[in-house]
């Protein structure tokens, strides 16, 4: 039960960066044992705020109080000492070390203090305890990079919990979790509440916020707009506060008039990964692929795109079989893949916006081997405008853009190749509500211009809202297919979990 | 705590490559019989200038002008060149001249010596004295100096260019023959010899080694050369090559060394193999470790050059030329032999710089 | 960075006015043209996310091949053979890196050792003399007031700049260095372009090797020791990032000039070459630190 006394108080916090006022007079208070949501679009200042609390940034003005005492959080170590722990979206695990080593990194139980010899038995034992408290079945000696993304995140959470924090900040913790794992996370959060540990919960998934949070603070453009009790605030109201406008119809209504068949995959098989995957997509149609983590949806997309080899099966474009052995082949046949992990697979962070946008279609801009830089920039500017990519400068490096804009850059790159079949893998992951809507609108435009879209997504509302047809995959094969009209979340989940249509 | 997760495939290819590389390097050193010799004057076709070479060169009168001399030598890593440096600098002081002393950092830094000569030409020195890092490699630089009107004096290690005013060195031919004679007398009953010739491409390594072989063949036919290797003039190279020789040839009776840095290393190898005293080792020059090993009986004899004299004559030749006095085209500095018996009777003033003298830092 | 170069030049020039003399400037530019060419090739390798440790040894290999072929067949044949030898070694590097997927550090390290060994084997460890006198012109001659090697290096710079900024190949080099996985997923044939990168590096080393051979008018299997490290230093001092994707011909040029002016200037003020090495080491670390500090602040 929530103790009414605040553990953390922020008062009139100001934080400036060159050219940007990131936080402007922000106040926040988090009570002991409270789960406090932090909402806002990307760029609203959530990230800056949590970095200020966790000691990465120091505020230019304002006061922070922990347990009623005024403090200066000089660095993350100081924050940890105060009992503030943070779990970021980008994991901070050492991929080549084991789970146990990661959780207790720097705090390993020692057998001989003087020689720093690690007590391995104690290390494993303590790790098991921590994992058990979250009901996680992960081998403490497993190598982190061999674990799936979802499991890695659970290790991150276990690590933070093991630090005996009194406030845990979770930044988009459920982005890569299945609903089963999300339930377990919520159970763990409930246990934290019982221990009077506070949680700052940063997420775009408002239904989760409704499920687990007590209060929510909404930021917009660096200021604190409101702090509301979650139970008595509707999602629409929360969205309105975040965006400042009413957002009905997140998903653009469109008349879907699917035409002829564009892409057909038949019996795609790769030993141990894909088992006879067969489906088709028509022009003007969005086919959503749902499934739990590990159902090999991304692998399917990669196989179609020629990144991974296949043992048997055919790919047909407009009825004609095509040989796709590498991404270059796929691109030439008009297929595009917008990957799941932007940072690792989608953008060239150190290159400029325009260089990113034209990269996959350079042949179009070269005359006798020489690139026409002026035409490249022109074309890039056209896309920046038409896709409303928020940057004033084409030369800006893409890593400096927000997640949503980065995604648009990736999409622009593919639009440049005149692709007709788009494979989207988690197209709106890590993007704020406003950004999501723009991506959905984009997809709508693509469809109306005659493209065919395959959309892999773990956000069921997204799948249900956008797809004309929904496929459900489980462990490398398609276990169910639904039309938009008869699909429900339960049916999809059922199929994904049990494999029955 | 870290696991080694690399795929097997990644390890085998570099291993193969490394093995291949080692094989190549190993094979590369040995076979030289069919290779063309460079920069050497064949011992029995000596030009008239050499047979009439001068063996003494007195100090000229102190000039009225303070000449600027540029000196370029291969390195300063052993007492031979330090002694030579002392010769240049001390003699220049006596003659009121200023010396810029440059060293290339080793026989493998040919491009550095070429650059240094170019820099000397650019700073318009009055004369250049060069001990060449490589015979053929310095031709361009020497000719550039000559074209710029700067006389070039060639000391100790010869350049292939003929645009030099004079060549001052030990009679390398005699050095080789002296080592052969010593070896031949000691191994009267016959024996097997290996050669550590020294730095490839240098006149001294070529001439001395060839003379050694020729003399053995002529006077001591039952002393056979089993193998020879070139290397940089360092004890580390000598040690390595001698250890390899001891492994390759079970019966070695004698070791020839073109210079003495390799001898120092070879002596350590011989000691380490417990064969000190049972192998006849000859060398050239007289660094401190050479002296020590001669006392211990590991090195049997060393032919001593007079590097300080070489330095002095180099400066004298430059000043004489600049003062428009005649300079003989070939000059041979004197030689001595050091053995355990005569070690303490040697006059070392023409060999080594005085104790405690260090060359100016360059 | 250009300010630093100007400052260095002014400081050295004031201590020893000889610095500004036409002969000295000509000498410096001639002497660093070798490093400049190696640094150009290295720029491609580092930009693409890799590295080429073999370029120093390639100088030796090229020198030996060039000399041998020149003696056997003629001046032009020798020069061509030398440059091709560099390109061929680069091709081998490229195959190992692109097809066998051995990390560039390891692959080119192997080539560093193997090429040196090959040079020693082919030459029997001895220098190869007897090259035609006309060959000296390449390394020692002038084109107007400019030394020929300087002209060649300048042309190479312009060419390399054009390739990096104006061709697909150049753009892909940056892309591969920025994010190789994304490059694959964007349809770039990463394997082929990586091979091209190392062939390019090998060819530049080939040209450098031929010029160096001309300067010493003989094939020398001991050339080029440690030069690969200076070529990396030049790229990095100028602002190129060692992990790839950032940098370019302009920044490399800055790095080459810094190294060249430092070396020559310190010589002219009579600083020992041992101290010079310490200074250069400090500059390498310092330059990268300044760059990263600027990066972190923004």
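Every chain is named by a letter (A, B and C) in the order it is written, and numbering of its residues begins at 1.
We adopt the following convention: a residue touches a chain if its C-beta (ideal position, glycine included) is under 8 Å from a C-beta of that chain, and two chains touch if they have at least 3 such contacts.
Treat the numbers as computed from the prediction; the structure is a model and nothing was measured.
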Chains adjacent to subunit A and to subunit B under the stated definition are C
Centre-most chain, if every chain is reduced to its averaged C-alpha atoms: C
Distance from the mean Cα position of subunit B to that of subunit A, given in whole angstrom: 70
Cα centroid separation, subunit B vs subunit C, in Å, comes to 32
So, in whole Å, the Cα centroid of subunit A is separated from that of subunit C by 44
Quick one: which residues in subunit B touch 2 or more of the other chains? none
Residues of subunit B defined as touching subunit C within the complex: 9-10, 13-14, 17-18, 20-22, 24-25, 27-29, 31-32, 35-39, 105, 107-111, 114-115, 118-119, 121-123, 134-140, 143-144, 160, 200-201, 230, 361-362
Residue numbers of subunit A touching subunit C in their complex, please. 18, 305, 307, 326-328, 330-331, 337, 339, 344-351, 355, 359-360, 362-363, 366, 369-371, 373, 413, 417
Within their complex, subunit C touches subunit B through residues 18, 21, 23-24, 27, 30-31, 34, 96, 100-103, 106-107, 110, 113-114, 116-118, 120-121, 123-131, 136, 139-140, 212, 214-218, 220, 222-223, 225, 264, 267, 270, 272-275
Subunit C to subunit A touching residues, read off their complex: 165-168, 171-172, 174-175, 177-179, 181-189, 241, 245-246, 298
